[in-house]
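Once you scroll down, you'll see the structures, which are given as structure tokens.
Same chain, two partners: subunit A is paired with subunit B first, then with subunit C.
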Partner chain A sequence: MSNESLDPRVNRLKLGDASAVIKVEEGENWNVYEVFHQEKRGAHHEHVGCVHAPDPQLALVFAKEQFARRKKCVNLWVVRSADILAFDVEDEDMFANNLEKNYRDASGFKVMEKINKFKQSK
Partner chain B sequence: MYGGGYIFDEPNGKQLREEQQHDDPGKLSAFEERIARGEKIEPGDWMPAEYRRQLIRLIEQHAHSEIIGALPEGTWITRAPGFKRKLALIAKVQDEIGHGQLLYNAAETLGKSREAMINDLLSGKSKYSNVFNYPAKTWADVTVIGFLIDAAAIVNQVANAKGSYGPYCRALERICYEESFHLKQGHDAFIELATGTPEQKAMLQDALNRWWQPIMHFFGPPDKTSQHSEKLMQWKVKMASNDEMRNQFLDSYVPKIWELGLTLPDPLLRKNADTGRWEYTDPNWDEFFRVINGGGPCNAERLQVRKWAEEEGRWVRKALMNPAERRSLPVA
Partner chain C sequence: MSSNAALTDLIIKMADDELVLGHRNSEWTGLGPVMEEDIAFSSMAQDKIGHAWALYRILHENLGGEDPDRFAFMRPESAFKCAHLVEMPNGGYDFSLIRHFLFDHAETVRYESLQDSSFEPFQLLSKKVKGELKYHTLHANAFIIQLSKASEEGYARMQTALNDTIALAAGIFEPSAAHEEELIAEKVYPGEKALYHRWLDRIYPVLVKASLNLPDMETITPVYGGRQGFHTTHLAPLLKEMGEVFNLDTEASW
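Presenting the complex of A and B:
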């Protein structure tokens, strides 16, 4: 190309032909890891996204660069996306709730009422 | 606005199965009801083939725009005026590359690999935002990009963040948070030139004159010429029409340009007090299509730099490759 870039670094690169065919092979961008971010000590790790990396150690390095350069962060977890096991979305209905759930709530048990009734009856 | 052009071929020329070509009417209506209720669609959910295709096109081209968009600004890192401006510019360029990564991941959840997306960018099949095919000639250009192009991108991204596809919305939420710094530092650098010496003002006015048409092009062709956006609006892939977003941008930012004593190269530009909408000279759309199809001043350079980076970085990627790794796709 007639090197007319405004960037001196680009001119120094002596770039190849614009029509050259460059092909990236499938898998060349490594694997995918899910990233979990802990904002402060004592807090849960929360899922924030993914990074591409060749192994877990580098996934942590890239995750730090991608997800911890701004907001507060005290720790990160990474896990290979393929190792995440999740329910099938089509089974979502199994999470449907019985609306009447006071049998498993503290407020569903009236202890004081019974005690008071007992005391009054004496 | 990241529209136009190529969409997506199934990998290896694989043909779609019958049920992928014709959406099941029952599933389709359940899908549309979910979206109407304001629910998000997640990667494992059933979705119409066209919804998936259009989302891949949109998110992929948004990702390419972040990566290519860092190039004209990256050019100025070595020449930024002063230490704070240099630090801010380095941080901004790093953010843009990070945004590209977030968006590629969101697109990957729809089934197109990162490598396929990069290949489509390098071959010119897949597009990126047209504004990045213009050069940043002076430091004033960098301030116009940092202030006005980022402002325009934010108008679009804030709208899209309310869309229906969960992974894209989550990526945009994070992006919008970081973009607020980009906009503020751009505005600050812009004001510094606008209120500076006569030479600085003249340099800024010149940059503004050159960038105005690409900025008017930014949101894409006028509504009267754009096709099949009704379905995309119903599916909340597209959240506002091109003209609506352009109007919103003009409404927020033209006053911020005029208040600094700068002018814009359009004698018809004004807000109609009766309709509340902005009136302007229609930019040259033939020029827009000429540039998007490869005829702009920087198209060749942008792709050459990306190709160089892929080629020169290949040995590093190969050296780190772990053959025992089992491949996986992003979960969410």
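Presenting the complex of A and C:
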């Protein structure tokens, strides 16, 4: 199965016999980097998407035009997607009961009344 | 204050380089090696057209020149003063990248020198394009180093492209007998020879990092002629294509 795409990422695997084991050699495929965008100094970097790149330097170069050419931006981070540790999808049940534990919700504490009372008493 | 003729000559050279290379690089749009690079390279091509427009506007507003659009799209080939480097067809991406690397560093040293030009519009423009050029050269350096280090083939192709392009790139700094001394004396800019040496000082450390060999500059013959209106056969078709829509109706308002 040959692929006529101009995109080198598409051609690179040289898909042959469908039953053969596909082995990707080191350096054959570019890495995926997650991009984090900072809107102003001191603000959090927020995840905005990803780019393909052969190394972190070029990932930054690509991220700049990809994610920072319109919106205001003062800095970018790039992190190799493979370096991110995440929970498995099936571990989602760990988070299941959160909604019932609303006593952990800081908004649940009604303190304004007490604060106002305290202020008046002064 | 230096004469309008000398300033006009310098601005046309700078602007025509930007316009023609901006158009050439935009020919890669949709054909770039990967999507991310396609976007980055196209965006930088657009920046170049923006620089050309800003320069044509200076001509128009400060030196009594024609309307920028008409000046860009309606001049005959012989009135263009771009260097042969920017006229060359794209060929492979190796050539386009090396051209981008050599040109954008040349552009950077030129605009840096204009930061304290006696011609005020140059100071303002130089400040405005500083960040863009920083990105352009960062992009070029990263690619040149990456491709030269990636594989034997990548290295060989980068070195060949460099060897083939260096004489054309040196042609950017074609001296101007008629106007240059006046511009230097008036502190408009430091002159082509000074810029040429600053340019070599800029590109050399990057080439070292990429393990590429800069050809012996004493042995190459810079490709001159473009600044005097003599061009390669590649310029005329480019200008025809670039002005095609504009020239359908030159009075149309866009």
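Here is the rule we go by: the second predicted complex is superposed on the first by the 66 of 122 C-alpha atoms of A that agree within 3 Å, B and C clash if a C-alpha of one lies under 4 Å from a C-alpha of the other, contacts with A are read in each partner's own complex, and residues count from 1 in each chain.
Note that in this section contacts are C-beta pairs under 8 Å (C-beta built on N, C-alpha and C of every residue); 3 or more make two chains touch, one makes a residue touch a chain.
Please read these numbers as outputs of a predicted model, since none were measured by experiment.
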Touched partner set for A:Ala20, first subunit B, second subunit C, both or neither: first
Chain touching more of subunit A, residue-wise (subunit B, subunit C): B
Partner chain in contact with A:Lys117 - subunit B first, subunit C second, else both or neither: neither
Touched partner set for A:Lys72, first subunit B, second subunit C, both or neither: neither
Which of subunit B and subunit C A:Val61 touches, first, second, both or neither: second
Touching partner for A:Val51 - first (subunit B), second (subunit C), both, neither: both
Touched partner set for A:Val89, first subunit B, second subunit C, both or neither: first
First, second, both or neither for A:Trp30, with subunit B first and subunit C second: both
Subunit B/subunit C common contact set on subunit A: 6-9, 27, 30, 51-52, 54-55, 58, 65-66, 69
Subunit B partner contacts - residues on subunit A that touch it in the complex: 1, 5-10, 13, 15-16, 18, 20-32, 34, 47-52, 54-55, 58, 65-66, 69-70, 80-84, 86, 88-89
Touching residues on subunit C, where the partner in the complex is subunit A: 31, 33-37, 39-40, 43-44, 135, 138-139, 142-143, 146, 150
Residue numbers on subunit A that touch subunit C, as the complex places them: 6-9, 27, 30, 51-55, 57-58, 61-62, 64-66, 69
Residues on subunit B engaged by subunit A in the complex (per definition of touch): 42, 44-45, 74-75, 78, 94, 98, 101-102, 105, 108, 113-116, 118-119, 122-123, 135-137, 170-171, 174, 177-178, 300-301, 303-305, 307-308, 310-311, 314, 317-318, 320-322, 325-332
